[in-house]
Structures are given as structure tokens and as C-alpha cells.
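Right after this note come the structures.
The following pair of complexes shares a single chain, subunit A, combined with subunit B in the former and subunit C in the latter.
Let's look at the complex of A and B:
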């Protein structure tokens, strides 16, 4: 089927997310203005105006009432999803790299950049306590040692947070005590993205070392590796099939020729179990920064350095395809 | 010593000065006291105080290096000594300024027949020793010049010699073991990780590592012509490896070695290094005996020319190099000049050995009124076998067919030549090309001619057949033409393939099959051609490929993207000779792949014919073996998948049970709403109407 092109951002896309039902797509970009779209026809529903810097990260809570965005302007903003009104603006000392709602939506996790001599911090706010949000006072703030957090994901029951780091480590932080519970290093370069399976028992990491890897969420045991020959910026697990989609491509600054062939800006589909690639989808003319399956598994959305978001619905033969066993 | 004393006194005076600083009046009125207080002991020694000065203090041995001893100087009386001194210093002042000389005389004031000459620098003395040694002053007197510093060395030579112990024989194992592989699997070397790692692989369905080593070579590797040895290059020299374990067979020390070349017989190794110690200037190029590891002869490298400078004949009996207006042929094992003289050839531009016979082909450029010539001569008789005169020649390129049956000389000819005033270079206009085709095996060596107007980009003979192919461009169109040599002076055009993307062509080592490749700037387009009927078997591409290599048996072709030429997607792909992709092997910063060559077949001509006749019978057997292998391979893959799936399903089962057990917690966390399924609380959904633009139609309403 012909892909739907979401045009509206003026600069590269940093993150794309569906809400739980999958009727809406939320997108953030370096152009400061996050947008919300209908996933069915690609019509823009509205935008969240107020940031003064690139928006690195965004999240929507489970009942699609609130939107959280983290920006390089040293703020993390909470919005009313429906009206687009800014409810709170949490101020941080450095840029906000990641932000997300917990499973219940009651806790907000925010991680900040390590710049200007200030350390990277992992902060937690109680979403039901206006005091904390208004005064930017988290109930827990964990100073992150070593390399900074580049991506973060909530564990299934708000008990811990899994973080991906600039030099390839993955850690598990206890969200009650602030202690680091686990640390592994399976990647040799920066981890760009972490996404959970539908039931959050598995997570897939995407790394600049040109691989994506599958881990057990609770133990961080390494299960599978998906190899490409380019940076992997994002990876997502299908909610209905044993598939994983990888997005990436040669970094814009490394591209020497204008050919998109050399950049390999394709979305690549792998068998979750056999680690074999079975399909590629072309279309972007810059590296894919973020890719995510629709919650019903029948389509996926990808956002790229070229500023476009593409929503692809799968053809029937995608559902017919099975590996020979 | 004295200087040191003064200085240390001065320092002490400073010290006393600072003591007095608090009392300016006293300072002005009284002379500062420079003398040491009573009982002062100087505890600063010179070494500590002025190490720099002491270092430059002259030593007794200084200057010895600048002195040479000259023997065989005429013995003269005092009246003629002055004259002799003049003569000698005139000779030696060529090498540098003479600081002093000394002529020892006997009791009768007659000079003793030797003298000492001191130069201002050891470099000059070195120069004098090298050049003036053996200088003929007159019939009776030939100078023998030695460094004074060497004198002791030579005088202390012991009378008895210890004969060197014979080195015990080290069995390197069977160096040809890899040829005994039943399935005739070939090997290749790979350099990857930007040169950090080198590995030897066997070309099985999935490459099998034979040997992998980190930092095996510092630049690149070379196989010897028959594949017996692998040569690695290092800053200090060359190492040769071989045998089943790739153990070190031999080492050759040649600092800064850059280029190497084997003789076709694998007996000799030629190495070249641009880095030279001033003392062994004659060793820019060294020829080694591979089996003994001994240096056979060193050569100077005066003029920059293309490697290999020394070209070997087929059996390693002769090697030759070109100089100005001459070709020097040397013989082995004496390593002397053949018949003690070079072959004088006015204006020789290039030469090449026949790959199978003791025959040299060379060409000379036009000179005054004499035409350019292509000549075939026999070695060692130097008999001219064939001479071809050519006019209006800009350049020639000689290509031997590998079996030595044919020689093609590609001649670039011009209509007009103009000498540009400023640069003194000749500008040619209206260049056209022709191929002079020498039938070397036929009587009197007849020559055929094929012409083309287009620029020729590449030319290659079928290695053991009578076909040749070349790429020519009538820009922007690039075409490929194949000809076949027929008996009785006929050269048949087989076909011209028009509008191809190619800049290189590669014949299979066994002939018949041809790969056209558009490498580097042409994005790696590949075309596989069967020249028996000139059909294209496959047209494909390996994007950005930089290299193409046939395996030595002509069964496989490798295309590669080398890190040396292109920084991303470094990999090599193996194709069948028909152009079917067999495997893709990406390797981190892969640099170079080289097939291990095979020695020529030991089968007789008759036996080969017999095999060719019964090829059907053999191929049946091979086909069944192949299909068996494929079956096991796909079976293995399916089994592997099966196993992976079972394992994964077990894991998932366990996780799902856990997930289902915790359902209540999740519902509680989300305010009593079950969100495990996407439409599990459909009653809360709100209907929304979304408009789609299906099509735009323009209807003109009738009035």
C-alpha cells in the first residue's frame, strides 16, 4: 500500500510514538514543535507550541490525556493532550534527553544531558504532586556516573528504569532507592533507542555499533543480535508477529556522496527468533532516527533526518510470509 | 676547568648580594665581598654546572672518523714531496675540505709510500674511501684508501678462523599440502581491520579460517607465483610463511622494504627499499636466494621506473632490466651480466619477456629518420627473430598471451605531432590505435593488424586461447570488442558489445569466460560473458566494488570493496563463473583479498584432452556431490531454525505465564482498566469521523 507521508516538521524527526490505541501519532523534531496526527490518514490534529529548542524526546500517557516533551531548552513540559495547553514546565540545569510516563502515568522520568560541567541526572517526579512539578523538585534524583543516558525505558511495574548510555552500557536503576541494580555492556558504541515488547518482558536496543539486540527486561540477559552494516538508530518489536524492524543508516555527516544507496536509509525487517533479515522498505532520503510499530502490528511509522514521517501499512503478503522451518 | 671556576664564583657573589639587599646603604658604600668564607668547600662539580659545555668538549677520539689512510702512494724524496702533496690533495679535495695531511718519512727523508688525510667531516672521509679506493694514479700506483677508524679492525683479524657451524636442516613440512585437498578447495588471504589483521581462508561454502593473525604484516602480503609462500612486509624486511601451520620459512632483512617480486621459479626474491644507510648505497634492490636466505646481489636504483624493475624469464635463468639505451640481462646463479655486456639498443622504451620462452620483446621510439621498432630477440643468442617498423608512434604497450603464442603490441599513433615551445614536450593530435598481433609460434613470426579509432581503455588476452578483448570508448559510449585469431592470417571479429559500463576486463584463468567490470567510479557494475557464443550470462553489480579477482582454477570470481579505496561497506562477494552470487562476506575495514596461486598442472596434454572429453562423466559426479552438500546445508539451516524456535518458545511460555500472573497488578495500576489488549475496553472508545480525500473530480455543469 502507498505509504502516508506526514509533512509538517521543518527539521529532522527525533521521536515518533503511537498512543496506546494507535489512533494518534505523536512526533517530536529538532524544529521545537511537537505534533500530533491521525494515524489513519496522516492529517495533523495539532501541535504543542512553547519549546525554544530541539525536542529530543516525547511520551504520551496510557489514557492519552497528557503529553510529556523533553527539550534542549532545559525544560521538560507536560501538556494537555486534547487542548495543547502547557500545564507544567519542569526546569532542568541542562538539556532534557529523555522523558517518559511510567506504566500508570503517575511518575515522570526525566534524564538530562551531561554538559557544561554538570552531570547527567535521572530524575523522577510525582505527576500527582503539583508542588514537585511547579518547583522542578524531583522526589528522586540519581546522579549518573560515567557516560550519559541517551535513551531510557520504564520497567513493567515502575520498579526500575532501564537506561542506554553513550558508550554502549545498559543499566537498571531502582526507582525507589535510586541504586544501580544491573549493568551490562553488550554494545560497543552509543545506544540510540530502547523499546519494549508489547508485554514489556523483552526489550530491543538500537546502537551505533550497527547492531540491534534483544534482552530480557528483568535480567538484561542478552537473547538475540540483529546485524546491519550501518548505524542503527531505532528498533521496534512487532506486537503480533515475531518480527523486529530496524531503522538507521549512514550518519548524515559521514555521507560523502549524495546517493541514498550508499546511505542505506532503509527500514529493515528481521526475524525476532532467527536473526535473519527478510525485508527492506525504502523511502527516506536521510537516516531513520525513529521507527515504531503500530500497537495493532498492521502498520509502522518511521521518522528520519530528512524531516518526514512515513506511515506504512503492510501488504497482505507480509502476513502470509513465514520462514521455512 | 678554569671557566667553570669563574662561573661558580660568580654565582656565589650573587648569593652574597641577596643577603645584603636589606641594607641598601651598606651595599652602596661597601664593595661586595666576592671571596669564599673561611673553610668553604666547593660542593658543586663541573658536571652539574655546565653539562652542555662539557658535552662539546673535544675528545681524543674526535676527528678519527674524518681521517683516511691512503696506501700505494709513490715513494719520493724530500725534493719532490711538495709536488706529491699537491697531487694527492688535489685528488682528495674533491671529497671535501682537507684539514691536514701527514706523510711519514724514513731516516732518509723518503716518504714511506702512505699518507694520512684528515677531512673536516667524517662524511667526506666516507666519500673519499668509497670513491678514491682503487684510484689509478699511474701504472704502478693504485690507491688503497681506508678509514683510519677501520684500521684497527682490519689489523686485528685473527689468523685462525672458526669455520661457521653448518645450520641444522629444518624441515618446513609439506609446503604444497594444500594442493592435496580432495575437493580442490582454494585458499585466499584477506587483510582486514584496516591492516591490523590478516587471515587465510579456505573457499568452502562458508569460508573456513585456516590461519588468522593480528599484525601479521605491516603493509600488505604477497603470494609467491606458485602459491608456496606467503610473504609479509615489515619495517625491517620480509618474512616468508608456508606449510600447514603457516610457520616462518625464511626472513630477509631489508630495512624499509616497500616492493617485492618473486622469480617465476620461486627460487629468488627481489626486494626494493627506498631507505638506505649511507654505507650500503648499492643495496636499494636486493636479490635473495629463498631457500638459503642468502643475499645474492644488491643493485643501485638510479632511475625511477615501474616495478618490477627486474623482469624474470620463465624459468628464473635470466633476469633483465632496462637502462638508458640498453637492456641488461643477468644470469643465475652467477648473477653476473650475461656475456659481461648489456644489449645496446638506441632509444629503447620498454621490454618484456615471453611468458614461456627465452625471448624478449622490446620497442624503441622514433629517432631522427629511423622509425619506431618492435623487436623480438632470443636470449642468450641475442638473435633478432622479428623486427617490425612503425611510423608516427606516440606510445606502445606490449601484451603477451599467457601461453606465449601471441604478442599484441597496442600502438598509439598520431596524425600530427607538435613540439610545444615552453615545456619541450611533444603534443600529439589525431591519435588512433592499432594492434600489431605477432604469431610467435608460426614460421618467421607473421604480424597481423587490427585498427580502432576509439580510445582503448583496457586490453587482455584469453590466457590459453586465441581470443582477445578490449574496452574502447567513443565517449561517452563505451564498447567492448572481442576478436579471435584464426590460422592463415585471419583475425575474426567475434562481437562488439555496445554501451557497456566497464573499465576493466578479466579473463578466466582457464579462458572462455570474461568478466567486464566498471570499478570504482563506475559503481561496481559486473557482466559475465561466455565468449564461445558471446552471450551475457549475467549482468549484475557489487555496489562500489574496487577489485575483481578470478580464483586460480577459474571456478569463482571475487568482487571486493576495499577499505583502501572506499571507506564503507567493505566486503567481498564470491560469484560463480556464471555470475551467480554465492556468498557475501562483510569484513570490518576489509582491505585486500588475494587468491593463493596454484603451480601449473602436472597432467600431460593428452591426459587433459581425455578429461575434457569425458567431462560429462565427471560433472555428473560433481553435481551429485554438490546437490548432496546443498541438501545437508539447507537441512542444517532448517534444523538450526527449529532449535532456535523451540528454545525461544520455551522462553516465551515462561514469560507469558509470568505476565498473566501479574495481570491484576496492571489493572490496579491503571485505575481498574484492563489494557492488556488493544480493544479490551472498547466501551470507552469515542467515535470520531475522519475525512479522507479519495479523488478530485471536475464536472462541468451544463447550462
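Let's look at the complex of A and C:
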């Protein structure tokens, strides 16, 4: 395959996301400008200018009309996807680590960093109530005890939010009452990413403890473990096959002292069921920070510490591949 | 790839450049509808003020997509991409070189990979402890302190009692000489009795060098076996050294061949020098004595 290189960021990529139909790729990076691209040919559609800090997280709603970005400049901004204009800017007391739309696009979930003596908070805003957005007053704010949230994912029917934490815990928070429903600790180090399967019955976590693990979404039962030798920064489940792709590599601060061959910056494909690695894709020269499958499962995109996004369309041999049992 | 309509509307980036620089040949656009290949030819001056012709070839594909995607295809660019021409901007979008997905058969390979070096060591017994005959270096022997003095006593006793026996008690000083006693032919110079001083072995080394030839201009594909085939007709060969690249394992293009007899080496030089091998002409000469011996 010939990957398409998207070179629109000046610093490391923090998150890459496809919209629901998969024709657009949204990317955020530690420079202040998130971008949007056509996934088919890698053409840049535009960028969202206005943040003053690293953009940690972004999301797009289901009909691709609005984009939400969360930044370290203590704001979370809502954008019009077609024109790139800023609609609302929600101000928070600390940097925004994660932000996401609910499935209907009505509720915005925002989590903030635990810094400057302020606690980590999980906030919910009603996108249809301009008052809340303008005055930055969430209808529900959950103070998070213990370590801060590093990644968050909406549960089925918007009933709860699944969060991954800095010390390896995973929790479920009820989005109506704000109560903590469940807590597990299967990882020993920070959870970097949580992504769901297409039907959201399973979620895969990527952790700094060099494993990715598969969980049942509703009970958070631990199902499978995918082991590597390096940090896992992101993991994604294929929507069409029983595959998981893991992105990672050694810690960014150690990269300059070693060669790319040792760094293990490959995207690694595992069997969802057998927990076995079956393929690798090289290309990045920094640790992969984020990987995500296209909604049709025929391509995937990865963003790395090197500032590049690579969009890979699978060759026929990927689809021919079958596990020998 | 936005539709062609939007392209014809605004001033394209190519035309803007052209307006600034006068005297450039006009850029042209050629669209081959049959194959869907669009060719754009542009001219510009480079940093050295030289006229450069740039030919860009695009493949135009028509795909059927849902209405919402089609609508998004026609969105105007904004933000940093506002001034980009239609189609991918080569400053941001690069098609990288071909890479392949590397399939791994983990069930077969991984355990092998891990065990391989160890297994090799076990079978070959590269390292043998002189004290306890175990698979480790003598200095790392766990019995070093307890057994070593004892061993010395034993060897002293053995040499006193039976100086002629040789093979019976493995004397640590000359382990290599011991097995040769049984069966194989051993040249007189190497026999036990003759092995008095170091002078002999030095002479041996010099003799070897005297019958060594250097072969150069070998192709990269050459292997030791090829050389063996090539030089065996001239006489018995004692050693072949083919210089290889550490990483790729490919030949570096030269080799040393040690013959047992100097006459054979001389005949090999006469015979193979100038011989065409693997589309290259070999050059063979006497090896110069290396400096460190």
C-alpha cells in the first residue's frame, strides 16, 4: 500500500478521528490548530484557528455539522464544521483533556486536568442550551476523586461515561446522577486511549504498561490482553474483522537517543480473539499517539509524535489473511 | 477531489503565480477523459533563475457516494487551507513510498527467535570451562575457587606419572592436540613430541600466508561455496575467507584463499586471474602479509 502522508501539523499529533461516514479525518496536535482532511485523497479541507494551547482532544458529531476541540488553554471550543467558524468557547478552570459529543450530539462531555490545586472534573453541557455554553455552566459536573481522567468514552444509550485514568483505573459514571457506577483496575499504568467496537459491546484500552486490553462495555469484565514491549498509546478495533490495531512505541523523551529500528514505532495488528500479533506496518519515525480504523474497516489512520498522519488503505492481502486454527 | 466546476470558477493558484512572473510560457491542462488522467504542465523560475517545467499528473476518479458526503465534497476550504487550489496541496499531502504489511506467523516464528541463539550455543559448545567442563567461561565457573587449585594438582600429577599417554587425561594445556591422536593423520610438525616451543606454530602461520591468494572484483552475490568450487581444481584449500558486509551478509567483493601448497596457489593465480566470473573479471594475486601477524 501507498500511505497518504498528511503534513499539516507542526507538533506531535494528539488525536485523529473519522466522522461517522468516514469521508473526513479530523486531527488535533500539540500545535494550536486542529485540521480536517478528506480521507480519500488526503486533501486538506480546512483548519480551526483560535486555540492558544495544545489541543488534546477533538470530536465531531454524528451528522458532521459541528466539531468540538479541547485544549490546554483552558477552553473547549465548538466549531461549525463547514465554515471553520468558532460558535462557542467554553471556559474551564484547568486544561481540557478530553471532550466528546454524545451519540445524538446533544450533550457535550468535557473532562479537565487536575492542576494548580484544582480537581479533575467531568462536565456535561447541553448543546441546545446556549446559556450553558456561553456562561460555561455545565448542567452536571462530577468531581473526579483520585487520579485524573486521561481518556473518556460514551457508553451505550448515553447512560454512562467510561473513563480511563492516569493510574490505570477505569470507571463508569452515570450521566444522569453523576454517580460512580463501577471501578476496575486492570492496568498498572496510565490508560492512554479507550475505543469501542462498532456496536459498542466491547471496548479496548491502551495503556502505558505496554498492554492493550479488551473489556465488556457494560460490566467492564476483562476479556483479552494484547501484549507488546513498549507503551501502547492507542488501540482500535476493526469494524469488519476480528482485528485490533495497536499504536505506540517507546516514550517520546527517549526517542532521540535510539534509532528508529529499536523504537518499535510500527502499527501492530493483533487477532481480537487469539491475542496474537499477525502483522506490522512501518512508517512513522516517532511513537504513534493515535490510531483509528476507518468506519468501513478498509483503511486506517495513524498520527504520531513525529507530527505526521498516515492514512493507509489496506492491500487485498490483508483481506485475504485468515488465521490458521 | 472536488468536482471540476469549482475549479473553473476562481483563479487557480497556478494562474496567480503566472500573473506575477512575466514571460513564462502559459501553463496547459490536458484531460484524458477515457483514462481519467489529468496532466497539468506549468512553468516557473527556480532559485537559480532557471526556467523549470513541472508536469503534474492526476488520476481523476468518479465514485458514487451518499448525498451528505457529496455535499461535503463541495465545501469551500477554510482556515489555513483557504487559499489552497482545488485538489490536494502538495505541501500538505504527500503520497509516500510503497510499504508492505509485514505478516508475522507468530506461532511458528516467535518461540524460535527467542530460543535460537541459546540452542545454537548448546549444540556447538562454543564455550567450555577449563575447570569443570561446563558451558561457561572459566572465569565464571561456580567451582572456580574450590576446584581450580585441585585441578592444578591433578594435572601436575598426571604429567609426572604418565608423560607419554597424552589422550588419557585431558590436560588443560593442550586440549586440541588430544583428540588428534586417535585415527586422523597429524603432520609431524603438529605431533605431540614436536610441540616443544612456539617457534613451530609461528612458522606454520607464515607458511599459510605464503600460500594465500587474494581474489578481488568479486560480485556481491558470491558465496564461499562458489569460491570453493572455483578454486578446488587447483589443489587442497585450507581456508576461505570471504569479506562480507556485517548487516546485509553480502560479499564486499574480495576474498582470501589459503592453499596447502604454494605451487597450487601459484597455479590458481595463473589460471583464474582475468577469468570472467558473474559478469566481472576477477583479479587474483598473492596476498600481502598482513601487518598484525
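Here, the second predicted complex is superposed on the first by the 321 of 325 C-alpha atoms of A that agree within 3 Å, B and C clash if a C-alpha of one lies under 4 Å from a C-alpha of the other, contacts with A are read in each partner's own complex, and residues count from 1 in each chain.
One rule holds for everything that comes next: a residue touches a chain if its C-beta (ideal position, glycine included) is under 8 Å from a C-beta of that chain, and two chains touch if they have at least 3 such contacts.
Note that the structure is predicted; figures quoted are calculated from it, not measured.
Aligning the two structures on subunit A places subunit B and subunit C in clashing positions.
One of subunit B and subunit C touches more residues of subunit A, and that partner is C. Looking at the shared chain after the overlay, A:103 reaches subunit B, while subunit C stays out of its contact range. Of the two partner chains placed by superposition, A:183 touches none, neither subunit B nor subunit C. In the superposed pair of complexes, A:21 makes contact with subunit B and with subunit C alike. Legend: residue contacts after superposition of the two complexes on their common chain; A:159 is shown touching neither subunit B nor subunit C.
Of the two partner chains placed by the overlay, subunit B and subunit C both lie in contact with A:41.
Once the two complexes are laid over each other on the shared chain, residue contacts for A:209 go to neither subunit B nor subunit C.
In the superposition on chain A, A:282 contacts subunit C only, with no contact to subunit B.
Applying the stated touch rule to the two superposed structures, the overlap between the subunit B and subunit C interfaces on subunit A comprises residues 21, 23, 38, 40-41, 43, 63, 324.
On the side of subunit A, the complex with subunit C involves touching residues 1-8, 21, 23-24, 33, 35, 37-38, 40-49, 63-64, 82-84, 269, 276-283, 310, 314-315, 317-318, 321, 324.
Listing the residues of subunit B that touch subunit A in their complex gives 543-544, 567-569, 571, 586, 638, 641-642, 644-645, 648, 651, 655-656, 658-659, 662, 665-666, 669-671, 673, 675, 678-679, 685, 688, 690-692.
Looking at the complex, you find that subunit A touches subunit B at residues 20-23, 38, 40-41, 43, 62-63, 103-105, 156-158, 199, 201-202, 216, 223, 229, 242, 250, 254, 256, 261-262, 272-274, 295-296, 323-325. Taken in their complex, subunit C has these residues touching subunit A: 1, 63, 65-66, 68-69, 72-73, 75-82, 84, 87-89, 91-107.
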